[in-house]
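Heads up, there are several structures right after this.
What follows is a pair of complexes built around subunit A, which joins subunit B in one and subunit C in the other.
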Partner chain A sequence: MAQLGTHLDRPIVGATPAARGRRAWTRALDDSRFFPSLLLVPILIFFVVWNVVPLLWLVGVSFYRYKVTSSREPSFVGWENFAEIFQSTEIWRTLGRTLTFMLLSVGLATILGVLLGLLFWGSQRMPGRRLALTLLFTPMVLPPVAVGTFFRLIYEPNFGVVNYYAQQIVGRRFDFLGDKDLAFFATVAVDVWMWTPFMILMTLAALGSVPKAELEAAEVDRLPWLQRLRYIVLPHGKFILMLGILLRTIDAFKTTDLPYLMTNGGPGNQTELVGLSLYRTGFEAFQMGDASSLAVVTLLVAIAFTSVYLYVLNYRAARVEMR
Partner chain B sequence: MNETSWRQHLYHGLLWLIALLFFMPVLWIFLAAFKAEGLLVSWPPRWFFTPTLDNLRDVFARPGFWSYLAMSFVLSIGAVVIALVVSFLAAYSFSRYKPTGTNFIMFLLLSVRMVPATAVVVPVFLMYSAFGWSKTFHGMLLFYAMFAIPFSLWILKGFLDGVSERYDETALVNGGSRLHVIFRVVLPQVKPGLVAAFIFNIIFVWNEFLFNYLLGGKGTTMIPVLLATGVNEGGSVDWTFIASLSFIYMLPPILAIFLFQKYLLVGMTFGTVRGEV
Partner chain C sequence: MTSQDLSTSHAALLRDAMAGRLSRRQALQRAVALGLSAPAMAGLMTAYRSSPVAAQDAPATSPLAGKTIDMSILGIGGWPPSRLGVDLATELFKPYAKETLGYDVNFTFEESPFDQLFQKAATSLQAESAQYNIIISDSQWLGALAEPGWILQLNDIIAENPELQIEFEPAAREGYQIFPDGSDQVWGLPQEGDTIALFVRQDLFSDQAERDAFKAANGGTDLPQTFEDWEQIDIVAFEKIAAHFTRPEQGLAGTAMQWSKVYDYISCYLYPFMFSTGGEIIEGDVGSYKIEGVLDSQVNADAMALNKRFLDYAPNGATNFGIPELVDQFTTGTCATCFQWSALGPQMMNQKAGAAAGEADDPSKPVTPENVMIVAPPAFKQADGSLKRVYALGGQPWTINAFNDADHLQVAVDYMKFWYRPETQLEFARRGGNPSVKATLDDPEFDTLQPHFRAFKYMIREGRSRDFWHDPNYAEMLATQQEAFSAYLTGTVEDPMQALKYTACEQQGILFDGERTEIEPSEACNDVSL
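This part shows the complex of A and B:
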């Protein structure tokens, strides 16, 4: 509050002309009806130039047949690109693959994250906790590009460390990223490794939102563990956990860098997720029209996800306010 | 008493073991960064060896390494600073005046951030090509600023909503100007939000690859592009180089979550979930 006091100390009447001038200027600014909008000018410029214009561009191009490298003028084809998306078995397979990837990756990360989060619940007095948590949470802040590259080294069929232990335990080596039955699961495994820490973090946050008093009451009543989770932890913690799962789902849908670096979508297209498919259509085949229409579809999916996320968020806010 | 402390030790030991297990792949790369060429590809893999600094020296001597690294710093810090200024002003306006369309703009900004990077890059690539902005420094910088704005806005709006409007009113009644209110009264109270937005958006830009690869040029290349081209350009991969470069590049984010651990939750959920772990 110290800053507020300084105003009372400084009499307005006795101010120097220069100060009075400045004061008049800021007063005019304060009284202006436009002040709230003035604060919004920078973000609106960014919003229009980097969101609205590209969005219109995207929607526009999605109605054209437009190959960047060809000298042919882009030609208007109407809904044809979208019709192609719906008819293309390849794209449906990619979307299905992406969905499988999301379900597997988010599902496994959630199960592991909740279990480990519960285990870490009582870790407040653990020695070196800060360092331990840093090591634990490291995977989720690493550049996906670096993760993709170094897992290629770890999975390497000839001298990779995973293969050494596979040889010791199972008695044979695997070409994890080159085998068409394994590559997909090897990619999922890396994603799960990367994002389980995030689910642990969200579980800890969810557990932290449970009121202490209710837990103490349960302790006094000697409520069995399973019932404590069911009747006390779950009702309070489920929102944050839900937000975590949703965020993870959105992020899994976006996954592009990881398979690009690990397998480049291969072998065949076993690990080609929708993000990577877009990259190939737009920047390897240079079919900007096709890429744009697919991008419009993914944009709609992302908007749907975001709506669900915000719905849960608002629902939670309303519930918290009611209490 | 003695028995409980014994169980306590066991429990803490188990937690440490789990933390180390998650760190193991990263540790493997850190070790690889200090292995001589032959050791890196040795069979069986070696956990213990005489470390060498040759790999790091080699990375430092590579043409372009220092300029790429500098570009990583300049672009991530510069873009996030711009984003924070823009989002703070907007967040104040959204939080206090609630103009029509607030929720819609916040929603749209967030949605665009939730789209796969490749879908965003398609129209921006076309736009940049048409305007002649691709491969330029300001094109890259402002793009990354836009990349950082949605999360910054959400974090800061969340924190500003938590600062009571009474502060604004008191300051105004006492003769403070609006600008005084914004920068001297409200700003200091949302410092945690600013720190969280600053650190985590820097990490997100720092880790970003595709935009830099597709929109950037020689003068704006960051390290991830160097990593990716080092692996994907066919031929045999120079693993000692990749390992030591990854090691150098992964250190700052790890250091950041060690130093700013209490902001981790806010940063990773763009301010929608508050609390400490």
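This part shows the complex of A and C:
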């Protein structure tokens, strides 16, 4: 850089006044304390155009009665759309169902992910470990549309492979996606299958962040594995693991594609989640005012989750620093 | 010659005949050389019998003469009649436009599944786009497309073009053309007519051992053998037949119909039970629509209970059966009978597209064209002992994008005029499409053109098929009732009246909020939920 600076500072023999002017301008810009901010301008423009403006638009529309397929002009209704949401038992039930789905899906995926992550972490010399890991991660990289379609066929009562084995093992077939008592859990199971690899990945990342020296010291001290986990692994790895849980929670809360493809929210409304309701209100009924207000509520719930997690993370981080 | 070659040669022959390049004798000679079937030849001859237009049209009479126009048709993906609407445009109308109207036209087919077609159309039309110049819409969407002014009202166009002043079957006119119901405003033209038919495994029904067993169990009553026999079958008799063939241990079910929550599947197959037993779903006109107290009637609750009973005679997983699942179930031999849209006649019979009648598309399947009979679905006995059947109307209209420029509008109108020429309608029918033009259905050859045409004609006439709402709030009303009906069928709610009351309250509220009625949902609706 010093060489480059020296080179730029040297007067250029024969340079035109215009070129000298340009050079002075770039040097001034380079020295300016605003230059770093200037570099952020493109991404800021992108962020404002694609995030802020649509968000403000969404919030604005949520105060209107606006149906795309109606000849009526949109009309301002104040908080009416939000009042309808809070008075609607159906929407509260859907939100409750979505929270149950989220808790079950994230909870099970986390437990399985951590267990499998520990298994792979503890078996570094296992033959075929890399291949096994690659295969294990496959569900995560599949598009949900494919997963939903596959599982609709896998669960199919007449020729589905799950029912083939159900017939072999318990002597009967199940209508997994048509039975009111099974459909919800069948959908949760697919979500868990799809996203457990993500939690394995986060667990391995978390375990990778544990300093080797501390692990070796624990080895020398012959610390029991449970205490090793509690006193060495968890304090180092929990932040990454929490981040994984946070991402999965937000993602599970807005799950739309799996129930849409597998059950269309049915039987009845047993698998109708908030994302699917939102989709139906916006893009089937074209009730943009109602859909926007529901989207705002959903967004607020997602922000609440994020805030809680961030608070917990920051609080613990602060405690660690204080120590 | 492969069936595809035959189809291509036949189309070329038809084009030549329609353009007046062949005499009747020459056309017949070429048809014989190609080995065309008698119905196909009959269709060909209509080009001479009823179409002097082709020979008389002066070339380059259109204001578009010399231009090339690209047209896009949005239709239903995987639905053969929609596909035919585009195939015929390319194969027959394109050369016709070149030769008699003097312009070049190219057609592309944009497609979307039933339950997503409106969404695809609406997002484009909302932006006042002419991306899709012609839209094959499901009939119930007429109101939702017409209300915001996205499609053209066709009264003036029809008045200016005598070729479009056609007598359609009354059910088709009401279902595919008019919005609001009962008005004289025309927004669509019938593209494909459709009704529900019953597909029957004739090999099972004619089996002597089956007949004897059924007779023994049912006091000497024989299994129905002919179309006329089936005309006399009511739902009670049909239930006995379905029960007779229900043998899960042999992988055979008595019957199947659509019970899926997706789109309008349950509704279309539950409504016949309501309509045929005197139930109604809505009363009044715009401003006074009444659903609460109409839909939630005891008659309709009984109809729902009866419909649900047939799940006992259906294959596993029937509550997820939609259109394609029924084709799979029936053609793989798991059902003795199956309710299905007649438009899928060739697919349900496992008949090879474009091939001679009787040739199986997939010979490995147990169901082949020769062992399937297509008949009218069961009737419902009335209090006076008479039989009545009122089933749901399927089918789709053509609608024309209101944002088309003058050139595209002209081509759309030209194509509509071409579509309703008798020879085009017969060609559509020959390839398996269901026409709605009364004169075409009256044609002596019509019944023999396709195995499903007799049932289709029987069901589209004399009030045996009817459509449901064309209201702009169709999507919400439909979603509500699909959810409630599905809840009842799958046991999420046990009482059919609860599902009906929930639906009625919700739909009344939707219409009230949409300012389509002044009647508010009652106070009692506050306590109704699924």
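Miscellaneous remarks
The definition used in the following text is that the second predicted complex is superposed on the first by the 262 of 323 C-alpha atoms of A that agree within 3 Å, B and C clash if a C-alpha of one lies under 4 Å from a C-alpha of the other, contacts with A are read in each partner's own complex, and residues count from 1 in each chain.
Simple rule for what comes next: a residue touches a chain if its C-beta (ideal position, glycine included) is under 8 Å from a C-beta of that chain, and two chains touch if they have at least 3 such contacts.
Bear in mind the structure is a predicted one, so any value in this text is a computation, not a measurement.
By the touch criterion stated above, A:Leu29 is placed in contact with subunit B alone, subunit C being left untouched.
When subunit B and subunit C are set side by side, the one touching more residues of subunit A is B. In the superposition on chain A, A:Phe253 makes contact with subunit B only, not with subunit C.
Contacts of A:Gly268 after superposition: subunit C is touched, whereas subunit B is not reached.
Shared-chain residue A:Glu90: touches subunit C; no touch with subunit B. Once the two complexes are laid over each other on the shared chain, residue contacts for A:Arg130 go to subunit B alone; subunit C is not touched. In the superposition on chain A, contact of A:Phe283 is made with both subunit B and subunit C.
In the superposition on chain A, A:Pro144 contacts subunit B only, with no contact to subunit C. Under the contact criterion defined above, the residues of subunit A that touch both subunit B in one complex and subunit C in the other are 158, 264, 283.
The touching residues of subunit A, when paired with subunit C in their complex, are 67-72, 89-90, 156-158, 163, 173, 175, 177-180, 263-270, 272, 280, 283-287.
Interface residues of subunit A, counted against subunit B in their complex, comprise 3-4, 7-8, 12, 23, 26-27, 29-30, 35-37, 39-40, 42-43, 46-47, 50-51, 53-55, 57-58, 61, 116, 119-120, 122-123, 125-128, 130-146, 148-154, 158-159, 161, 164, 193, 196-198, 201-202, 204-205, 208-209, 240, 243-244, 247, 250, 253-257, 260-261, 264, 274-276, 278-279, 282-283, 288, 291-292, 294-295, 298-299, 302-303, 305-307, 310, 313. Of all the residues in subunit B, the ones that touch subunit A in their complex are 8, 11-12, 14-16, 18-20, 22-23, 25-26, 28-29, 32, 41-45, 85-87, 89-90, 92-94, 96-97, 99, 105, 107-112, 114-127, 142-143, 145-146, 149, 153, 170-172, 174-180, 184-185, 188, 203, 206-207, 209-210, 214, 224, 227-228, 230-232, 237, 239, 242-243, 246, 249-250, 253-254, 256-258, 261, 264-265, 268-269, 272-273, 275-277. Here subunit C touches subunit A in the complex through residues 119, 122-123, 126, 144-145, 147-149, 260-262, 315-320, 334, 472-473, 475-476, 479, 483-484, 486-493, 514-515, 529-530, going by the rule given at the top.
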